[in-house]
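What follows is chain A paired twice: with chain B in the first complex and chain C in the second.
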Partner chain A sequence: MSENTEADNLGEARIEAAYGSGDGDEDISATVASAPQGQILEQVYRPWDGPLGPRWVRNYAIYRHHVYGIISGSGHRRYHPFVRLTLLVVILGSMTPILMLLLSSMISGDASGFLNRMWGVNRYNLWGNVLGYFPRNLCMWPLLTALVVGGLVSDDRRNGTSALYFSRPVSRLDYAFMKWLSAASVLAAVILLTYMLYYSAAVVFKGEGWSFIADTIPIFMGGLVAGLLLVITYTSIGIALSSISTSRFTASVSFLGLVLGSKIVAWLVELQFETTYVYLLSPYDCLAHLGQWLVGLPLNYDHSLTLSIVSLLAMNAAALSIFASRVSSLEVTRE
Partner chain B sequence: MFKCILGLIKISEGGGEVLGNDIVTMGPDIRSEIGYMAEYDSLDPGLSAVDQVRYAGELLGMRPDQATQRAHEVLQYVGLQDQRYRKIESFSTGMKQATKLACAIVHDPQILFCDEPTNGLDTSARKFMLDTLRRTISDGGGTVIMTSHVMEDIQGVCDRVVMLSGGKVVIEGRIDELARQITREIEISVWGGASNLEQWLLVNGHKVRRMGRIMRVEHNGDQTITAILQAATETGAQVRVLKEYEPDLEDIFLLIMRKLGRSAKGSSDLKGRSDS
Partner chain C sequence: MKSTPAIAFDQVSKWYGQVIGVNDVSLAIDGGVTGILGMNGAGKSTLFKLLMGRLRPSNGAVRLFGTDPWESTSPYRRVGYVSESEKMYDWMTSLDFVSTLARLHGMTRHEAEKRAEQALSFVDLENVLNKEIGKYSKGMRQRVKIAAALVHDPDLLILDEPLHGCDPLARTSIMNIIREMGSRGKTVLVSSHILEEIERITEQIVILHSGKLVALGNLHAIRAMLDQHPHRILIRCADSRALAAIFIDQKPVYGVRFIDSESLEVMTKNLSEAHQLLPSLILESRIPIYSIENPDDNLESLLGYLVGDA
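Up next, the complex of A and B:
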């Protein structure tokens, strides 16, 4: 009794009642959660027996890889954001005449007539939309080509990714053609699509009828062919330069140097010696010369158009033969 | 050799078939059915691993959705499941090798050609690569053909070996059978008086190969062991380890080199030789 009283005084009885510290759980041990020991990586080989597509499926994969990369940020060939931004600027820049046509159709009076004369559909403007030197062939198309084509083959040479193509059922012809086609498609999408948009906008905004279309369509087609030749020539030269280099920068700068440099040299020679023959070395001038004939403009070169056509063919042939020989030397193994 | 097998170059003479396809005329068919893992970097550094493997599958003719699914599967298999969305430019050598292997097996090929698969790998990455190749054979049911200057790697993965020298086959067969053809030896580890012991054995007509404290004595029956122990007793040398030596591919290589009249201390001497 006396012990109980003493315990009550110390509060032990109340502690026992409140927390049950002495009610038989002294021997119980906590059960800690445990996981069975195992490997982090479960390596399981999964067989695959799906069908493999034919040649066009493989070729389309190459095409898609290079073209989609410009639009899509991931999953395809990586284009630097600067390249994509420049492409956007070039596209917007090449569509400025459409804006002026829209403006011309929205206002009336002398201003509308002025805008129409300056940016409306005529031989000079159709030629200029593709082959005008400033700003298109000085600032836009060569830069566009250099940025798009520069790394197409040089990257494969530098990274050794040619082995990825040629150790698969991709022939060198398919590889070369699809690379070329990818670059040409991007160039055509910018150069020719904006050209077609310009002509369509002129018809729509000005409410032109069938007679206008019948009158101007031959000129338009002439410009379209000239644009196509420009796309082919620039792509061929650009991809040839890309194939002889392991650096996209070198390839791009070489292309700019070739296209712009040959033009400047020919211009200086013309100023000094009053001859236009050196323009035969300039891809742009050969195209411009032929374009003038296709669109029906007076030719402003002294030399024969035939020489420009021959020069253009020779440039393309030389570029494609260089490209073909360099693609044939791309390695698969380093034996 | 791989260029010939892949049907990438025209051979001047002879011929052959891979999986029933003629190597001269059916190169694309061969390349559809085999997987090839290049020796050097053949990856686009700007792509993520999964995009790279997917593209490798698409180049074989796989549909994009199939190639994507398969890319995830094979990257998991080669141990890159957590890194598959990382850009390849940030990968280590081992991860790049694994990505190349994933590209090669994306279509579950019947034959996998690996050109120096352990090149530049550290010990753990090398072990993982060899284990993965072994598993590819055992679980995938396919065949792995690998080239390597490291005989240990080949022995670890392959059953059969072909050695080429000067463009000609110098030996071909199962590794274990080739190893059995090599003279059996007793390997001993000797401390203190190794030179005396070696001298004693040589004087008494035994053939000895010495590598520091390790000696290999040609095994001519039980009397060889008795002779070694007697030599140790008489010269006072300590024989700490005595065992029958199992010859490996490296020994086969050295034997062939000797027969060809080449000086080589090991298979590593082959590196850099263009004619071997």
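Up next, the complex of A and C:
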């Protein structure tokens, strides 16, 4: 039997006439998937018999999860690209005095000149590098804190991801402390490292010797302690607000409102009633007051320094107690 | 000397204000797979929360490997917990997620990654371990959670509704994993409201109802204890009346009931004796038999009898 006759018998010619299946489709072939009769997936459980590390290793895992996320996007806590960009801008902004130092050292070698007074190492500049109001404490540090700390606990509260920690050998104290420490580390890395870099750059660019270092190191240390207190206070307040919220936006805005709002209210009261006592409610002003004393600047607040210190301690204590109580109730139906 | 059980509840009660969550529960579980069963509000979740240290008992004592989980997190080194709700970092790959959680047990980075790969391979996710969890199906997400619970080789695995929302293939895979863990000598506690699933996983059950422990032990042994509910044997045959006439004189047979002309229900209070006797009687009768079933020797009937809904 010829091929044509066979095709006719099979009805291929009629099909082709009706549907035109011969138009370039000749080479198309189809296969029917051949399903296996059955498949047994081998489940081989390989027990892990390695040692489990000590408490600090587990705590470090929490710490790095939060800190590394700023640098690396995968495998760690997620920070929005805008947050990372803002962090970069804040870091670059806080390093502008270093650039100005370089310029002033290149332009003028006069130690008492304008450029040196503006950018060189002295009590005012060291204080200003940490506690200066504009732009650092008006824009940079509060924004940095709000962005880093805002979602630290509120995200866990909203998503319930704190349960991932509490079903592991991680105590609530470890969880809380590592969260706090990771936020404080980021703030310290920006605020204190740039401060130290500024001082080091001044020594290098101006070619200063040991006598200069010996003269200025107490002031520098005073500024460093003030910066450390700022990092501690801002972190504590920020994380407390994050722990009472389920939205990072609310926590961040609350922090900005508290830090900037208390300052503005105190300033308005001072203008109206010529008293600085309301500054005791402002975290920034308490820090600024203490910072002035630490670097040896004249104090420009009417009230006693002791009151500012007490207020600062009370703010930190209140913030940490709120944080502790909120963490103790995370994922828990406690009586 | 007897070792400490993995889980021990000693006269534990828990009240939420005026509402009672768990009422005077005492039980100890160690080794094998145990299914926790109960209707909604029976107290299953309360039991798990007490175990995981998220609730403090109003009365009694809860012990996880001999330690009070409310006071110490140390027993969690030996526990793998799969919660019912979805709580994961969706932006992470499953490898990153599982290794991050492994590090919370104190593993180094290298160990954690190696173990995470092994655990993900065990749950058949080795081909997608570098894919973001947010892109996973429900069944795959459940398996990631199981891998995260297994990564530190726990002695006790607690699974709260692990099969919820999974497709049949994922269910089979997860059930295999649970059975495998049980056969490895691990203690596995699994809750589900789908009784057939529990039946496929284990015969060791704990039944809760309104916060009270209603039954504990082997499913068939518990059923055998329920004398007030005669066992039913459903026989489909060619001539049900002729077969009934033969059965009714026999001692273990309590009664017969005709479902239709080809179906006969035999009631007995001694199921094993009835099953020994009936086959020989059927053979002697030469009546063609289509099927023999025990319709109430299953979890659904048992639960119904115990909680009074049957």
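Basically, the second predicted complex is superposed on the first by the 279 of 335 C-alpha atoms of A that agree within 3 Å, B and C clash if a C-alpha of one lies under 4 Å from a C-alpha of the other, contacts with A are read in each partner's own complex, and residues count from 1 in each chain.
The rule is simple: contacts are C-beta pairs under 8 Å (C-beta built on N, C-alpha and C of every residue); 3 or more make two chains touch, one makes a residue touch a chain.
Every value quoted in this text rests on a predicted model; they were computed, and no experiment measured them.
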item: Partner chain in contact with A:82 - chain B first, chain C second, else both or neither; value: neither
item: Touched partner set for A:58, first chain B, second chain C, both or neither; value: both
item: First, second, both or neither for A:210, with chain B first and chain C second; value: neither
item: Chain B versus chain C as contact partner of A:134, first or second or both or neither; value: neither
item: Which of chain B and chain C A:167 touches, first, second, both or neither; value: both
item: Chain B and chain C contact sites that coincide on chain A, given as residue numbers; value: 41, 43-50, 52-54, 57-58, 61-62, 65, 74-76, 78, 159-161, 163-171, 332-335
item: Touching residues (chain side chain A, partner chain C) in the complex; value: 41, 43-55, 57-58, 61-62, 65, 74-76, 78, 159-161, 163-171, 331-335
item: Parts of chain A lying in touch with chain B, wherever the complex brings them together; value: 41, 43-50, 52-54, 57-58, 61-62, 64-65, 74-78, 155, 159-171, 332-335
item: Footprint of chain A on chain B - complex, ascending; value: 1-3, 6, 8, 27-29, 31-32, 36, 38-48, 51, 54-56, 58-64, 66, 70, 73-74, 76-77, 79, 81, 103, 106-108, 115, 132, 135-136, 139-141
item: Contact set on chain C toward chain A in their complex; value: 16, 49, 52-56, 73-74, 76-77, 79, 81, 83, 85, 87-89, 91-93, 96, 99-101, 103-108, 111, 115, 118, 122, 124, 150-153, 173, 176-177, 180-181, 184
